[in-house]
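In the two complexes below, chain A is the common chain; its partner is chain B in one and chain C in the other.
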Partner chain A sequence: MMKNKFLKLQFGNKAIIFTIDVLVGLIIAISFLTVSYLYLTKSTNDLPNLSVLRTGDDIFSVMDYDNDLQTLDSSHIQDTTYDLLPDHYDIYVNITSSDGKIINFGGNIPDDRFVASGKRYSVKINQNTTTYLTSRYWMWLK
Partner chain B sequence: MKKGIFFTIIIVMLVSILLSLSILNYKNYERNKERLSEIGSLDRLTTITTSISNGFKELFEAYSGINAVSYGDNIVFEETLVNSQSNTFKSKLDSYESYLESQDSSISIDLTEFKSTLPLTIMPHNITYKHNSYGGSQIIVIPSQLNFKKYHLSIEPGFNITSCIWNYTVGSLSFELETGNSGCDNLVSLDYTVNNIININNGGMLINVNNSLRITNSLANSDIKVNITLNKMSNDNPIVVSQVDVMHINYPLLNISRNSWFRII
Partner chain C sequence: MHKKSQFATTDFYIASIIFLILIVSLTINLYTFPKKLDEGQNKNEMLITAYQFSDSLVKNTGNPSLWEENATLIKVIGLVDFDRVLYPPKVNKFINFSYDFTKDFTKPYEFYLRLLYYNGTEDLNYGMQFNGSTSITIRRHIIYNDEKQILEITIWK
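== the complex of A and B ==
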């Protein structure tokens, strides 16, 4: 007795079922690979971000301990900052003092990448006069 | 037919392994990201507390009227008794406190106890140097235990020494007094479990040595140098810090907070 054919094709139903099987297999495999790819590409390394933050802290610690910040001399602080700043970083600096001085310099803060920010407080003692400073910075990879 | 099934199973397994590894990698990345965020937050907090602490140290060195130095196993505190700079230092501390708190609402400074007796602690020995009242007539040194070798007290009296009576019991604690007056200077070993008294000018200046050292001056201002020779407790040099926590910093968004003293030496 002959089997009934699903479609009356020359080679019977085997070919179309095989094709559907291959297509379903491919769809599943491609889905798995896509999901895997997405997970892998999301897993970027954030360690350089910490390095940006620490570099900024280091620069301002050095300038504080060397009393560069306490000069409140904009051009001196700017020169020292860029001397200490590694080539592949950029920075924006804002320094305010209790006697009303404000120092700002640096590049435009980007919004398309990680920007590390930090702050430190310093004291400037000149004879019997005391001035308090707040130094803020924003740093990013160029 | 069997080959096809076998092939399919192999492919499914390989792709599943790849997917599992990707998910594991992603989870690991998420955990690392959290840790890095925590480390970054702690770094930021440490930078802020260190810079504030450094400011307190600079104010202390400039205005407290106390010179604290460390050399070898010795810690030396030097000041004039009565310390006439206490009011200036207290006012500088107040202005620094106001400035910091105005800059960041997360920072809270509490100097009440510190300004009251100016307690400084030698760590890790836990020996406290303070005053009955900062700007008052008495210096007090309180060790938590006998983990030091010697007190060496140098006094430049602002008055003439007319009498000096030593009333002490011999023991194991080395004590040396230098006043520039040969009738008063001595190097002895005291029993610190009983009260030993050196009475200068009929109670004008009293030095009590027992489980603490107390120097009381009701005569003219005199320079007092207290040198404490410590037992070696670790390879690190001893440090001197404010005894009480003066800084309270709380960043609720970063979910971190810290109470901290500040370091003098």
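== the complex of A and C ==
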């Protein structure tokens, strides 16, 4: 009885079966190695993100101490913020006061990278009036 | 019969070569990965040391809080009298300590710190300049002598 041939090759089908076997084996082995290598080497490290958070905290602490925030002058606060902000950072700021003033400025908050945010409460005492300020900021690497 | 054995031998050679390539690449992977892991771990430890040291300097007065009056009592270093506002007598006392004494604060790493104006000029420096293989530099925004400045700390080994 004649065997059915998969392909009508001169020496039968064994060679092509072996070749396919080798190719499949190779693809599986190389894929496994590549995936494991990428997985092992591409570890996420969130520690450097703390630097963004600390920079924002520092900037608003310094501006609070120097009474920059208490001026509630949008252009002054904006200029001071960008003077202190390192070049490779961008920021969005929202300041609200208990007497109803709102200050907003900065870039668009991205959604494709780490964004650090923080809040600082300050007080402005002017003769007999006390105003409470809440400064929120969002900072990210450009 | 001859063709079959030739084919089997060639197949064996090819399989051996592929096997060797896979084993070699696997060995290289296994050899380099712990090294990379160690490097990452070292960097992280240095970064944490830098954060902790800089936090200690710019966010607390130290322990005891008036350590600058009797430096022999110092337990925890701190250079401020108000959050992020460096107190000049503490700074002066600190930079007059011998480096052998202060390097204990960042043990086992060395450190170098600078106070910079925002235009980039240096107000003062202290410590041992980078002379090793790995370093981490962080910058903190502070007030010194009623002026906004940057405290730059480099931790290295």
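Some notes on this structure:
The working rule: the second predicted complex is superposed on the first by the 107 of 142 C-alpha atoms of A that agree within 3 Å, B and C clash if a C-alpha of one lies under 4 Å from a C-alpha of the other, contacts with A are read in each partner's own complex, and residues count from 1 in each chain.
The criterion applied here is as follows: a contact is a pair of C-beta atoms (placed from the backbone, for glycine too) under 8 Å apart; a residue touches a chain by one contact, two chains touch by 3 or more.
These numbers come from a predicted model, not from an experiment.
Looking at the shared chain after the overlay, A:Leu50 reaches both chain B and chain C.
Using the contact criterion defined above for the overlaid structures, shared-chain residue A:Val62 touches chain C, although it does not reach chain B.
By the touch criterion stated above, A:Leu33 is placed in contact with chain B and with chain C alike.
In the superposition on chain A, contact of A:Tyr121 is made with chain B only, not with chain C. In the superposition on chain A, A:Asp73 makes contact with neither chain B nor chain C.
In the overlay built on the shared chain, the residue A:Val22 is in contact with chain C alone; chain B does not reach it.
In the superposition on chain A, contact of A:Thr134 is made with chain B only, not with chain C. Shared contact residues of chain A with chain B and chain C: 25, 29, 33, 36-37, 40, 43, 47, 50, 54, 61.
Those residues of chain A that touch chain B in the shared complex are 25, 28-29, 32-33, 35-37, 39-40, 42-44, 46-47, 49-50, 53-54, 57, 60-61, 64, 98, 116, 118-123, 125, 130, 132, 134. Chain B contributes residues 8, 11-12, 15-16, 18-19, 21-23, 25-26, 28-29, 32-33, 36, 39-40, 43-44, 47-48, 50-52, 54-55, 58-59, 62, 92, 95-96, 99-100, 103-104 to its touches with chain A in the complex.
Taken in their complex, chain C has these residues touching chain A: 3, 7, 11, 14-15, 18, 22, 25-26, 29, 33, 36, 40, 44, 47-48, 51, 54-55, 58, 82-85, 118, 138-143, 148. Across the interface of their complex, chain C is touched by residues 11, 14-15, 18, 22, 25-26, 29, 33, 36-37, 40-41, 43, 45, 47-48, 50-51, 54-55, 58-59, 61-62, 65-66, 83-84, 86 of chain A.
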